[in-house]
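Look for subunit A in each of the two complexes below; its partner is subunit B in the first and subunit C in the second.
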Partner chain A sequence: MQPIFVDKIQKNFGKTCAVDEISFAVNNEEIFGLLGPNGAGKTTAIRIILDIFKADKGSVSILGGPMTEEKKDHVGYLPEERGLYQDMPLDRCLIYMAGLKSLSVSESKTRLTKYLDRFELAAYRSKKVKELSKGMQQKAQLIATLIHEPEVVIIDEPFSALDPVNTQMVKDLLDEERKKGRAIIMCTHQMHQVEELCDRLVLIDHGRAMLYGTLEEVRNRYATQDILVNTSARLPLKITGVERVVDMNAHKKLVLKPGITAQSVLADLVRMKVAIEHFEIALPSLEEIFIQVVTEGVAKS
Partner chain B sequence: MIKTLRIFWQEYKRHVIRKRFILMIVSIPALLAIVIGIALFSVFLTQDDRPVGVIDEAGYLVIQQLPGREGFSPEAQLHLVFFNDDAEAKKALDDGTIQAYYFLPADYPESGEGRLVYVKTWNTALAFQFERLLRYNMTESMPEKIATRLMDGAEFVITSLDKTRQMSEEAWGNLMIPFAAGLMIMMIIITAGNYLLQAVVEEKENRTIEIIVTSVSPNQLMAGKILGDIAVGLTQLLVWSGFLIAGFYMARGSIDWVDRVEISTEYIVLLILVVIPTFITVATLMAAVGSISTEMREAQQISGYFTIPIMAPYWFSYILMTSPNGPLAVILSFMPLTAPVTLTMRAGFTQIPTWQLAINIVELFILAFLSLWLAGKAFRMGMLNYGKRLSLTKLFSRESA
Partner chain C sequence: MNKTLFILCNELVRTITRPSFIVSLLVFPFIMALVVFISSSQETTASSPAISALTGQMDIMREGYIDHSGVIRTLPPDIDEQTLVAFPNVESANQALADGLISGYYDVPEDFISTGTINYIRADYNPLSGLENSAMFRNVLDFNLLDQDIEITNRFWTPIQAEEIALEMSASRDATNPMNYLIPYFIGLILYVVIISSASLLLNSITTEKENRVMELLMSSSSPMQIMNGKILALGVIGLVQTLVWSGSGLIVLNLFNQQSQLGGLMQIPLSLIVWVVVYFLLGYAIYAALMAGVGALVPNMREASQATMLVVMPLLLPLILSPSFSMTPDNTLSVILSLVPFTAPVSMITRLAAGSVPVWQLVLSILLMVITAMMITRAVAGMFRAQSLLAGQTFKLTLFFKALVGKV
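Let's turn to the complex of A and B:
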């Protein structure tokens, strides 16, 4: 059973179609990237999954069926914009939030102490939330998301306002949660984080799913006939099957003619006794794919 | 249920255990006490303690002092000094040792005519006490029953048709009860409702609502908040009632009109029946307004549309008092938002026809349930509608969030 199964959900706001027949599934032990430009429909999709909004069409299955009040205790949600009581002391605020997930006060206190220590927030536990820095509030928000040990975690921009050290800490935490078997949906604009963390992803644009699959599948789908080569020697002016050579920072990109394989180019370079230090099929980065898909989408519309 | 209770407790704590609330709840009775204190003090300062002279040629005043009352009284007390003739009394008046003097000629028992001499002003309370002393002396030799009857004089009691309510001419303090009760209830309901409004707008503004609704149902959230709001109001009501009752008992025995104040059980029952649905209505409407508004200022503007009608009956208090069963009073009782204060005032002045009362109260309860339904819908539709106001057409449409 997949803990999250989204089947052709659609949601209109007046004449605007915010989400248009989007489908995807998230497995246990998986971090799933929900990507898309601003206004693509990601937040609406999340709100439908969380049962904040009702879908006009389609259905969502969470932990084996529609969302119920009991299931809400097994879901952790971190919204993009912070959602803590600003005037409350940090510990009271988090204990209250945990209480709304049916955690007892004593258990909340025990777990909270561990989390506060881990996130280096123990010294700030009695401070009002509004007195904390943005980064600290973000960490506090993550504690509120995870303190009740949810089976399904939905996090929107978890790395915003975090410095590199804390970003790494959160990445480690998410990895741990994945290893515990959680199904995690992560929304972010930071493509390198997706490449580093996500197992699979869906890219939404204008309410529609444009890409869906594992990171590998997506990148292969957008792979071109290009090769990245690094050599200390000068490349010959003419290489069989190479249309042109583009200088990049550390590499040279060889753009191949149609029908030419990378192997034949490699063989040619070896035959010409070029000292090759690095040879790689030039798979596009997720960021490049993102920009390409979104730009094509804009052009079409 | 436990989640609703947690929300209730959180809501209650965050408003009540706050310096601002404690200050507000204590400062209003304290302010009232200070105002009364200043009034009493100014009376005390202007009070003339000097004795009053008497030339009693008739030897009429066998008893020279009225039976005193126990405890503190802000009223001036009559002390008499006797003189033999006008010249002696005049001299004392000129010297300022007495503030006035009465002359009771030898034929006073027959004629009932005397003379009062004073220089500047004369205290009517002392005049009243002196006249009472004269009557006391006149009736002194009469049988006790007749004496008491003559001393008390006539008192007309206005009684309602079914005799459940009555108003003595002397118990004018009872007229204050409907005003005070209405004012206190109105203030509490509106201030507590404003707390709820503020809480909902804040939660919406800082996006807490988005997390809360992924933990509890909108109904649990609403129920918790409204219960919390009612508890905040009740706390206010209890504290203020406590102060009032304490003040009431302190004044009893010292101030005549306070002694005559009576609150009937039916009136208290009526207050409860009016307050409960009104509290629910205002709280839910405030929550609804908070849900559909984008910021606090806008929310307060919208909430004015129903807080003003709640207060409106005070503008017509003279008409309500003089004609409590008149057309305006009846119309205001049938209008949902003006009904609570109108009923509270009318019931203090008159006997409201039972059929009217029944319809009014049923109407208030129906309104409370309607508000609950509307607030639930507004909450679900408006809570995530950041930056744009939910239109009324959308609110009443069949579309779901």
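Let's turn to the complex of A and C:
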């Protein structure tokens, strides 16, 4: 059973279609990237999954069926718009948040102590939330998301306002949660974090799913016939089947003529006795794919 | 724990631990005590130790008298000659006054029996501490006029101790007694303040959550109805406590200062009025809290809410403005109409009840109408209290609010 199954959901606000027949599924032990430019419909899709909004069409299955009040206790949510009670002491605020997920006060206190230690917030537990830095509030918000040990975690931009040390800590934490078997949906604009963490992804633009699959599948789909090569000596001026050579920082990129395969170019280089140190099919980065898909989408619209 | 109950408890703790709430809960009884204290001082200038303290005179001041009429032959047994000193002539009395031996003296002229006029002479003008022992000197004169019979004098001072038995429930109003409209006005004012402050707390709570952006988190854990019910119930409990503390302390203060015999209007206020105050608070709160929740659902912040709040509370303010008229003629047509209209009923009906009696059918009808209205508004507001409204940051429009109330949005 997939803990999250989204089937052709659609949501209109007046004449604007925010989400247009999007479908995807998230497995246990998986971090799933929900990507898209600003205003693409990611937040609306999340709110439909959480049953905050009702879909006009389509359906969502959470933990084996429609969302219920009881199931909300098994979902952790870090919204894009961070929100905590600014005038409340940190510990009281987080215990209240945990209580809303049906966690008892005593259990909340026990878990909170562990989390505050881990996030280096123990010294600030009695401080009012508004007295904490933005980064600290971000960490507090993450605690509120995870303290009740949810089976499904939905996090929107989890790394914003975090320094590199805390970013790494959150990454480790998400990895731990994945290993515990949680189904995690992560929204972010930081493509290198998606490449590093996500197992699969969906890219939404103008409310529609543009890409869906594993990271490898998506990159292969956008792969060109280009090759990245690193040699100890200079490359020959003329290589059969190569249209041009582009200098990159560490490598040279060989742009192939149509119909030419990487294997034939490799064979030619070997035949010419070129000492090859590195040979790689040039797969596009996720960022490049993202820009390409979104730009094409804009051009079409 | 049930989530509505959990939200209720949190809301309770958040509100009652606020210093501003604690201060407002205590300040009102204090102000009331001060008002009663000052009014009581005007009634009992001579005998009240409290007013003596206020005027800086802890002990009853020694005074003198000159009797040209020959009425005063002896002093009553409870007044000694050190407290009220007899002087043979004006010169000796003035000398004692100049020496500070007495604070003033009464000059009883020869024609006192025919005119009833006496003079009080003191060294300077003091509006608060004049005629310190006038009640005592009147007692002296009465005692002598009544042939020095102390029992008859006492009966003359308190001739009857009447127990009122009303055959009809309608009350007659004494237009000359300011308490007859002041007391109903204050009780109506208390109810107005409690209903509006509780409903405003609700509005404030919702807008604070919007401004702190926790609404989305709350809705991922509970339903909008659970949030609304938890908040309405919590602030209703707080308002009820406020009502009981304020009205209860009001009665205690009045009793402490022994005002019931002097504030004529108060004699007609039964203790059961507090029960009516509680009933009308609950119903009034249900209506206005639901309206405020609706405003809160539609506004992005507290600043945007101010325009709507003014219009929402206007109906409750109207009977307060008309309160003096209600108090003197509680059964006039306007009073009856306003005490039946659910939006004006809380303050109107309580003002009428404080001013006199109200026919049972009017009470029943008014309560019935308020219950129906509260249910209808709560239902309409529940429709407004949904995710789309709560998460939107749109500018508040009054037309949108009224359309939403009648279910046309």
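Quick note on the criterion: the second predicted complex is superposed on the first by the 301 of 301 C-alpha atoms of A that agree within 3 Å, B and C clash if a C-alpha of one lies under 4 Å from a C-alpha of the other, contacts with A are read in each partner's own complex, and residues count from 1 in each chain.
To be clear about the criterion, a residue touches a chain if its C-beta (ideal position, glycine included) is under 8 Å from a C-beta of that chain, and two chains touch if they have at least 3 such contacts.
Computed from a predicted model, the values in this text were never measured in an experiment.
Enquirer: When the two structures are laid over each other on subunit A, do subunit B and subunit C clash or fit?
Expert: clash
Enquirer: With both complexes superposed on chain A, which partner does A:Tyr96 reach: first (subunit B), second (subunit C), both or neither?
Expert: both
Enquirer: Which partner does A:Ala144 reach: the first (subunit B), the second (subunit C), both, or neither?
Expert: both
Enquirer: Between subunit B (first) and subunit C (second), which, if any, makes contact with A:Tyr77: first, second, both or neither?
Expert: both
Enquirer: With the two complexes superposed on chain A, say which partner A:Tyr85 touches: subunit B (first), subunit C (second), both, or neither.
Expert: A:Tyr85 contacts both subunit B and subunit C.
Enquirer: Which partner does A:Ile291 reach: the first (subunit B), the second (subunit C), both, or neither?
Expert: neither
Enquirer: Figure out whether A:Arg47 sits in contact with subunit B (first) or subunit C (second), or with both, or with neither.
Expert: In the superposed model, A:Arg47 contacts both subunit B and subunit C.
Enquirer: Do any residues of subunit A touch both subunit B and subunit C, and if so, which are they?
Expert: 47, 50, 52-53, 69, 72-73, 75, 77, 79, 81-86, 88, 96-97, 99-102, 144
Enquirer: Quick check on the complex: what are the subunit A residues that touch subunit B?
Expert: 47, 50-54, 69, 72-73, 75, 77, 79, 81-88, 96-97, 99-102, 144
Enquirer: How about subunit A: which of its residues touch subunit C in the complex?
Expert: 13, 47, 50, 52-53, 69, 72-73, 75, 77, 79, 81-86, 88, 96-97, 99-102, 144
Enquirer: Help me check something: in the complex, which residues belonging to subunit B touch subunit A?
Expert: 2-3, 6-7, 10, 14, 202-203, 206-217, 220, 384, 400-401
Enquirer: Along subunit C, where are the residues that touch subunit A in the complex?
Expert: Touching subunit A: residues 1, 3, 6-7, 10, 14, 212-223, 226, 387-388, 391 of subunit C.
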